[in-house]
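As written, the chains take the letters A, B, C and D, and residue 1 is the first residue of each chain.
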Amino acid sequence: MACTAESVADAVRAAAAVVASHRDELVALDRAIGDGDHGENLNRGFTAVVAALDEGTPDTPAAVLKLVASTLISKVGGAAGPLYGTAFLRASAVVKDAAELGPAEVVAALEAALGGVVARGKAEVGDKTMVDALSPAVEAARSADSVSELLTAAAEAARAGAESTEPLVARKGRASYLGERSAGHVDPGARSTALILGSFAAGPVR
Amino acid sequence: MACTAESVADAVRAAAAVVASHRDELVALDRAIGDGDHGENLNRGFTAVVAALDEGTPDTPAAVLKLVASTLISKVGGAAGPLYGTAFLRASAVVKDAAELGPAEVVAALEAALGGVVARGKAEVGDKTMVDALSPAVEAARSADSVSELLTAAAEAARAGAESTEPLVARKGRASYLGERSAGHVDPGARSTALILGSFAAGPVR
Amino acid sequence: MKKIINDPATVVADSLRGLELAHADLVTVVPDPAVVVRADAPVQGKVAVISGGGSGHEPMHGGLVGPGMLDAACPGPVFTSPTPDQVQAAIERTNGGAGALLIVKNYTGDVLNFETAAELAQAEDVEVATVVIDDDVAVQDSLYTAGRRGVGGTVLLEKIVGAAAERGDDLAACLALAQRVVANVRSMGMALAAPTVPHVGEPSFDLDADEMEVGIGIHGEPGRARLPAENADGIVARLLEPVLADLPFREGDRVLLFTNSMGATPLLELYLAHGIAERMLADRGIVVERRLVGPYVTSLEMQGMSLTVLKLDDELTGLWDAPVRTAALRWGS
Amino acid sequence: MKKIINDPATVVADSLRGLELAHADLVTVVPDPAVVVRADAPVQGKVAVISGGGSGHEPMHGGLVGPGMLDAACPGPVFTSPTPDQVQAAIERTNGGAGALLIVKNYTGDVLNFETAAELAQAEDVEVATVVIDDDVAVQDSLYTAGRRGVGGTVLLEKIVGAAAERGDDLAACLALAQRVVANVRSMGMALAAPTVPHVGEPSFDLDADEMEVGIGIHGEPGRARLPAENADGIVARLLEPVLADLPFREGDRVLLFTNSMGATPLLELYLAHGIAERMLADRGIVVERRLVGPYVTSLEMQGMSLTVLKLDDELTGLWDAPVRTAALRWGS
């Protein structure tokens, strides 16, 4: 089973669909401890990504990831825009011009994505951010043999990681302004990361 | 039974008390078809009147009425201020320097008050204003023999007159902006006129 | 009640103290009877332009006192016209020998109280003229109403007449000009949510989540019609069409378009509505030559807007452009 | 949802069209990527002063573009920071050869997006400097937060740095001045009622009739504490005391006091609160030398206020007084 430019594009479309259908949930999560725009921001960005892909799928997985990155950077705004944008940009850079991605490349891409988010946002695990979902996902991905197993493991770890943010007091991003009042709510960015990785696992990636 | 400066002052104090205890009702009536300030306006004015009387009762009924007039004019504002103020001013002028008022003087005072309101406000009976209470009150007062009978008759006529405003469409004042929507509510100024005349009749006027 | 106040009974006096502290270079506040006076009043030889009305419409009128606009403003209690002694005090403080022009919004209370003051001033040989502004097309002007209300057009009138007085026009000229402005200005407003008067403590009217009130006044009076809430295109058309039809404004007319917030409507929405109104006017060949956008004739925290259109000519445009220095309007040198 | 809009998705673009029509003499609006640019940009040889942020805070920043203040503003979606390409476009349009100073409010999203743009501009050899404003004392500045937010102080910073750029200060001087302003300005805000973001459709937080939220931000973020609503004296003290204690401001200090409405609070209440704040400062021997009162850093129709205090010296006072010509702030020639 090969992970081609087409299948990466399909995975991204699946992510866009999942973001759209969870837009209101993400808005509600962000309303509780942020400013209520996370679902709207991501949905605006992924809608633009789909429109860009509709113009023609780029040739390589790296080119698809780069298109996603630049579209998210120029359409999402907020904290999530540069963070997700950097994640896709670093993932794109690391897979170079490979025509198909195997498990090793996908793990490398996930690692690079995490590295990008941390480089930009300086958050650590436990700060109640998307890092709390992405970091365990990368960890889990490393121990799988196929792309689909790896994505399933990553998605499951991200889901658990997102849930683990609920009791935490935020130390990064807008939720940190609330101090103790931020505890008791799932972090919207961690949730969106889990949703997106979930869509990659469930989706048509072959 | 004589109507002296003291008893006119007492009647005015009784009016002040009745305005204070009906402030919220008058506000509610004015909120329905006006701007919700009639009770507050009159209460502010009559509170100042009582304060002025507390500094010493003027010598004659006319002087008491004049003090009431000037205080209302400078404290009430809105439509009610100049209208009630003019009413008391004209009443004061017509009773001249009489030391005591008999039935004839009281009727003349009421007639002058009505004349003043009409001169300033140009309203006719049926326009849904205080004239709808004051005009029948003057009419009723004419056919009584004593001051207290006369005031009782006037108060009863004013009460009925105020009630009669409920179905009317306003043609003067702020309520007229509502057109047909003004029907179905008692006019606040008619109601306050009825209340004040009622307090004169019930009060300690000897 | 959600208010930043200490006591409903002293809210106007308390606010005037803050106004004076904030703008001591422009105004002096006389506390009793309450008057906001231009800091350099009286200006000798200049017609004094005086207005006033209930409070709660800020920046009108206190924020419009200063060179090029009002000489004095008489603030009544919230939504209640001032009393004659306030107007008298304003005339005394600002009369520079050339008389006073009273700008009165057409409400029974305002008209009666200013009328009383004018009579008293004339009795003391001060020349006083009165102009009554009644620009609100929501009200039928007929035998069956108190006549049209004065609303948004008041600010335009005060600016233009203020400029004429500043350049030295005499009282008769100021009055004639004022009447010309009144004859050429029309307005209409709407609300999405009512204001709350401090001494009442609850909203002046109740609107459901999907309702709007069209043809409202600026005192929390309900409007002429309660309708299902519409989008911005619908709202702007509903205000603009009766305004244009009334004068009427015609193709080729040059106008000033004033898009006013009733208080709580954000500038984001107000500019959006303004853009729609400009395009509707352009579609009819009406030339928007000047504009004013912002919360100038407010009704406390009422959510909503009004549109005012004034037909311009070279003189009116020139007077609009003339320098003004007040808390709320400021341009030129 | 009670809004004068057509479509939540296009509300910012629709509003910008109205802004441009209303103020064509001052600004040009570039629709995509959205930027509000000074009408006469680029001004050769002048440092370009650029800011931006989420929309919904109007008049900040689009209403502050013009001579003596901003060269460009980058409006993001409502309450969402703009994207790097907007900032890049702003730099391109306004760069007069003397580089650009980016004024960024301290929010993770704003910082990251402006940072990306600055990197891209520097890669193209445009000199860019960034100042991050973080004046909100409601937030603990510590390892455990994203740092203090930028709020009311932003307008004062933009005015003062704008004046310095206008008089010809170079980029390094503008940056140093900006950092001096940031070091000397502190703010805090409160809300009585939350704003409603168009694409959310319900209030950003729920407050009971007798509650207030203290230490709120300007994006409908809940504050640090929900308390029983207090009167104006209590509210002003609750905002002013932490502001004064933080710098700290001391007896004899000369300050600018900025009393800001969050949107729906009427001017009547705002001036009232301003008067109280002035007296509290006077009681401590702090000299209020300049003041600004009004809705300048808003949060849509949020009801509430903020207080900002800036320590002045002769240079800052002079730059504050320097001429400015924008939609929202205008004085001098």
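The rule we apply is simple: contacts are C-beta pairs under 8 Å (C-beta built on N, C-alpha and C of every residue); 3 or more make two chains touch, one makes a residue touch a chain.
This structure is a prediction, so every number in the text was calculated from the model and none was measured.
Engineer: Return the chain whose centre of C-alpha atoms lies at maximal distance from the corresponding centre of chain D.
Structural biologist: Of all the other chains, the one whose centre lies farthest from chain D is B.
Engineer: When the C-alpha atoms of chain A and chain B are each averaged to a single point, how far apart are the two points in Å?
Structural biologist: Measuring from centre to centre gives 75 Å for this pair.
Engineer: Quick one: chain A and chain D, Cα centre-to-centre, how many Å?
Structural biologist: Each chain reduced to its C-alpha mean, chain A and chain D end up 32 Å apart.
Engineer: Using CA atom averages as chain centres, what separation in Å is found between chain C and chain D?
Structural biologist: Those two chain centres are 29 Å apart.
Engineer: Can you give the whole-Å distance between the Cα centres of chain B and chain D?
Structural biologist: For chain B versus chain D, the centre distance works out to 54 Å.
Engineer: Could you list the positions in chain D whose residues touch two or more of the other chains?
Structural biologist: Those would be 78.
Engineer: Among the residues of chain B, pick out those that touch two or more other chains and give their numbers.
Structural biologist: Nothing qualifies.
Engineer: Between which chains is there touch?
Structural biologist: Chain-chain contacts present: A-D, B-C, C-D.
Engineer: Which chain D residues qualify as touching chain C in the complex?
Structural biologist: Checking each residue of chain D against chain C gives 1-7, 11-12, 14-22, 55-56, 58-59, 63, 78, 192-193, 209, 229, 231-233, 235, 259, 263-276, 278, 288, 291, 293, 295, 298, 300-301, 303-305, 330-331, 333.
Engineer: In the complex of these two chains, what residues of chain A are touching chain D?
Structural biologist: 27, 31, 34-37, 40-41, 44, 73-83, 120-121, 169, 171-174, 176-179, 181
Engineer: For a test of understanding, state which residues of chain D touch chain A in their complex under the given definition.
Structural biologist: 33, 54, 76-85, 107-109, 112-113, 115-116, 138-140, 143-146, 149, 197, 199-200, 204-205, 217, 219-222, 224
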